[in-house]
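There are two complexes below, and they share subunit A, which is joined by subunit B in the first and by subunit C in the second.
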Partner chain A sequence: MRVMTTIQKGLLTAFMVMIGLVLLFPIMITFTNSLMAGQELRINYGVIGKLTDVTSTGAETFINLKWLPDKVTLEQYGELLVHSPYYLLLFWNSVGLVVPIIIGQTVVAALAAYAFAKLKFRGRDSLFLVYLLTMLMPFQVTLVPNYIMADKLGLLHTSGAVILPGVFAAFGVFMLRQFMLHIPYAYIEAAKIDGAGHLRTFLTVILPMVKPGLAALVILLFVDNWNMVEQPLIFIDNPMKQPLSVFLSRLSGEWDTVFAASMLYMSPMVLLFLYAETYFIEGVQLSGIKG
Partner chain B sequence: MMKKWGIFRAPIGLTRWMRRDAAAAWLFLAPSAAGFATFYLIPYVMGLMYSFMSSTTGGRFAGLANYRELLASSSFRKAAYNTFYFSAVSVPLMLALSLGLALLLNRPIYLRKWLRTSYVLPLVVPVASVIIIWQMMFDWNGALNYVLSWSGIKRVDWMKTDAARNVILAVYLWKNVGYNVILFLAGLQQIPKDYYETAQIEGAGRFRQFFGITLVYLTTTTFFVVIMSIINSFKVFRETYLMAGDYPHASIYMLQHYMNNMFVSLDIQKLTAAAALMVCGIMIIVLGLFRLEYRYRQFME
Partner chain C sequence: MELSKEQVERKRKKWIFAALLLLVGLLLFFTLFSNTLQSATLPKVRTELAASGGITYKLEGSGVVQPFNQAELPNPAGWRVQHVLVKEGETVKKGQKLVVYDSTSARRELEDELAQLEKLNIALEDMQDQFKLSISEGDESATSEIKREIKTCNIDISVQQRKIDGLRDQLNRQKELVAPFDGIVMELLAIEGLASTGQSDIVISNLELGYRLDIVADRELIERFGLAVRHPIELLAPAEGEQPPRPLEGVIDEIADTGPRSASLPEDGGGSPAAIQQKLLRLLLDDDALKGGEQISVKLELASPRKGWLIPNEAVHREGEEQFIFKVEQLRGALGNVFLARKVPIEESESTDRETMIPEDRLYEGEMIILESSEPLQDGNRIRLQ
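Here is the complex of A and B:
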């Protein structure tokens, strides 16, 4: 690589920072506007959704995009947490869908990944290919059969219709297999010589070695499922049982709470990501490159 | 030599005692396989069967009637065209953009770690949280039209004209570019540095180095990025749906909208036929890419 001068480095850095700011813009503006009073937001953004070009005084109407509030206030958060009990209820619904999926899929996938990565059985590679292919399909292609299946199992209109397919999704198997492929067979053989069965080997040798993989999987599953929209829309018809994601999209125009609601909804993800970024990046990279 | 992507590669060093352990393998696999069969495998097979039946309950075998009806439907053709068009435009654009950013981020610039973090952050932001921001940007009275008005450009009704395609494209790039950047970065970091040094000594210019070393060594990564970008281009349905509802402007009416709406109107025959066609389409593209990658790798070696 050519050596760069300090000026070149500085210019390139400035360019990259600008792109970074563009990418961060929606997050930052959500944050600053969540500290704005509803009244101020209504004045600034009230024209959204109206098909008018000019005001009564003849001036052109546009929203007044504002970075910083005139007065910093926690009014929106207060309104949301104190006066909108359903917000917390729906937040709790999201948690209630995501946590069982994460725990379930991690356990089920770790077991299966061991079989795919370290044991030999007839049809292994073809079965794995089938797992992989389902990972690539959009949710809608199995809408009807899934609906019928949920109906037959008595899961329809319960959170089980969303949780169970989530638990058995192929992604976790795929990712943990990638991590386990790296474990040398010598470890397994050593355990075998010590008289350990497969279960002991799995619990005491394999699992401790794929801890980073488990952490990465938990984060990726959290991100993906916290974002869930389609499944609850179809399978849970009671609006009070749906997760926040579905509800939030209907909030535009509710200036007293909308930015605080968005902020609270994204903050668990953002904080978790900043806390465990290394695992997240390693998980993403390992699912793609090495193996 | 180039590292294999390795999804289909059998683990190395299998010893004989393992072969006797097929029973153990199935025990480990049992919970996953049972659930996977119930919620994925059997539904796919059922869906395929329904697509040839006149009705889901007690229907007769209808041959290709459902497919004929589906292909005659103009809203299906529109949706299929839009979905294909969006992927065909967005994936190459995404590839170029994320590779460019990864190359720049791989230079010894300042704040690298911070920059990487800020590029990836959009990926973890839930779609629903930023819908309000997109509305503020792309509304008739929104920020983008305001900026355009400075230079005297007439307002565009972003969500209700063909321009909606560009909005969805921007949202897609915003959300997914960081993901591909970190994939490319990992690929770039696996290229041995001395290859460039040797090339430089031999007098290879910047472009020769880029095409002769960088791109060649990024082949496997690129294939993976392409596949993931195609999948993610389908996922942009979430944004489209949350921004524009069941019936968005015709230019962004995707196959997923079509399937959702067929579901709501209980037109199960068309839905299952459309689903079967989409699965086939994705399988052809993905398996084709795998084959292409395999050929290319053999050719390189």
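Here is the complex of A and C:
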């Protein structure tokens, strides 16, 4: 490995700090703005409404992104938690959609990945290819078939219509298979010699070894499903049953709560990521998948 | 070194996990209790179920019955009262003696006058004797003089006679007070042993003309009931002892203007109170059992032909020309039911002192009307039911 000069190191650090700042910027500004009062935000960002006004000259169409609140207040949070029961309901709706999907998909994916990675049967690779194809297809392609299927199953306009396709998505299978491929076959053979069946081998040998992979999967699934908008929007027509993500996309202009709502919305994700960060990085590295 | 790094990592995870739990717990808490927390700050309202029906106009009033006509009988001569023969409230016949006066002085005067007459008669006799004497003497000038004197004396006697007649007549008429018509003694001011105070001694009502009752009512109501002169009206006499209240009939004798009264407005009505035109109804009562002084009430009811929702007047708010009420709207909220105050305009309405009728299409069956609120309400405000 070539030894880096101090200048190179410095440059690299500066570059990374810059990238970090760019990535953190939206989160930081959301956080600081969530501590402002609605009135302050309205004065600041009220101009957003004029952006679409074609008669206005360019001058007022620039938004002054305000970093620091004039007065730090938890007004937005109070408004959100006490006066917007709707928000809380939708939060639990989101939880109610995401948790079954994560649990279901993790279970299904782990079992399927084991089969694809460690069992030998005819047509395994071609079956996996078909499986993979569904993953490669964009969500919009399977939308109509999914819709028809949900209708036929009587799941339309219930959370089942979102959960069921989520549970059987191919991504988890693919990711865990990649992960399990790295586990030497010798472990399974050793277990077999010791008299373990497939289930036992899977539960006691394979699962503990793919822990980082599972953690990565959980985080990826959480992010993916916590942020989904189209599926609930299409499959669930009752706004009271839709998740927070759909609601949040409609919040623009409601300055009294919008930043606090965003903060609370992303905090479970951030905390979960921080909690399982090490597993996640390990898992992504090992499976060779980028998040 | 490696171990401590792991420890740090474990500690960090612990903190993050705690934060995660805290977040979830916080959200759970507010999910369960935000409605309760919020409702504690909401304006509290008192409500009532809207009743369906037609408005009933009520003309209510009462008054004291007064004789249609009453006469004040004065002491004719200002003499001392000797006997009072009647009591207050007594029914008397025409010609009945009411008060006897002490006429001693008048009688004495009469006797004096009689004596005076006697004196004149004696003087006359005396002159007649002189006249006879002068004729027999043949003194012509004396005869004619005596003749003139006799004439003068005769005039004096007839004057005296008339005076005595007058006195006698006066004595007969004024020694007692007599009822001029059938009536009831309303007031007795004469006191035995005292001369009159200058006012009347007795106030007597005229039974033949009946009684009257004055009642003040809103002009609008009178017009709505179609009341006019000579229109009969049902009245109610009060209960007397064991007897239940008894209906009477009266006839409107006169409808006169009287001063307006100011309407009572709901507290937040604002503006100056509207003046309500009033009229005086003078009723004529013809009932034998009446004595005057009774409290008689009138209670007329008229059901409006239109049907609608009846709302207490306190629920009606005014804003300039606009009138409206607030009803309770129940929304199935995300976390429990939410009650909202909903403004309902009521342009067309009929109202009485207590109630207002609003058209049927303004409310649904079973909807609650807000009577009063702890804070001023606006359309769509969340409220807390009492």
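Here is the rule we use: the second predicted complex is superposed on the first by the 263 of 291 C-alpha atoms of A that agree within 3 Å, B and C clash if a C-alpha of one lies under 4 Å from a C-alpha of the other, contacts with A are read in each partner's own complex, and residues count from 1 in each chain.
Going forward, contacts are C-beta pairs under 8 Å (C-beta built on N, C-alpha and C of every residue); 3 or more make two chains touch, one makes a residue touch a chain.
The model shown is predicted, which means the values in this text are computed figures rather than measured ones.
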- Task: Put subunit B and subunit C onto subunit A via the superposition and say whether they clash or fit.
- Result: fit
- Query: Can A:Phe259 be said to touch subunit B (first), subunit C (second), both, or neither?
  - Reply: first
- Message: Which partner chains sit in contact with A:Gln140 here, subunit B, subunit C, both or neither? Use first/second/both/neither.
- Response: first
- Message: A:Leu274 in the overlay: touching subunit B, subunit C, both, or neither? Say first, second, both or neither.
- Response: both
- Spatial angle subunit C-subunit A-subunit B, Cα centroids [nearest 10 degrees]: 130
- Message: In this superposition, which partner touches a larger number of subunit A residues, subunit B or subunit C?
- Response: B
- Considering only touches as defined above, state whether A:Val205 meets subunit B (first), subunit C (second), both or neither. neither
- Query: Touch check for A:Ala196: first (subunit B), second (subunit C), both, or neither?
  - Reply: neither
- Message: Can you report the least C-alpha distance between subunit B and subunit C in the superposed arrangement, rounded to whole Å?
- Response: 15
- Message: So subunit A touches subunit B in one structure and subunit C in the other; where do those two contact lists coincide?
- Response: 272, 274
- Within the complex, subunit A is touched by subunit C residues 9, 12-13, 16-17, 19-20, 23-24, 26-27, 30-31, 34-35, 37-38, 333-336
- Provide the residue numbers of subunit A that touch subunit C in the complex, in ascending order. 81-83, 85-86, 88-92, 240, 264, 267-268, 271-272, 274-275, 278
- Note on the structure: Residue set of subunit B touching subunit A in the complex reads 3-11, 13-15, 17-19, 21-22, 24-29, 31-33, 35-36, 38-44, 46-47, 50, 56, 101, 104-105, 107-111, 114-136, 139-143, 145-146, 149, 155, 174, 177-179, 182-183, 185-187, 190, 193, 196, 220-221, 224-225, 227-228, 231, 234-235, 237-238, 241-243, 255-256, 259-260, 263, 268, 271-272, 275-276, 278-279, 282-283, 286
- Which part of subunit A faces subunit B closely enough to touch in the complex? 1, 4, 9-10, 12-13, 15-17, 19-21, 23-24, 26-27, 29-30, 45, 47-53, 60-63, 65, 107-109, 111-112, 114-122, 124-125, 127-134, 136-149, 153, 164-165, 167-170, 173, 181, 184-185, 189, 192, 197-198, 202, 223, 226-227, 229-230, 234, 244-249, 251-252, 258-259, 262-263, 265-266, 269-270, 272-274, 277, 280-281, 284-285, 288-291
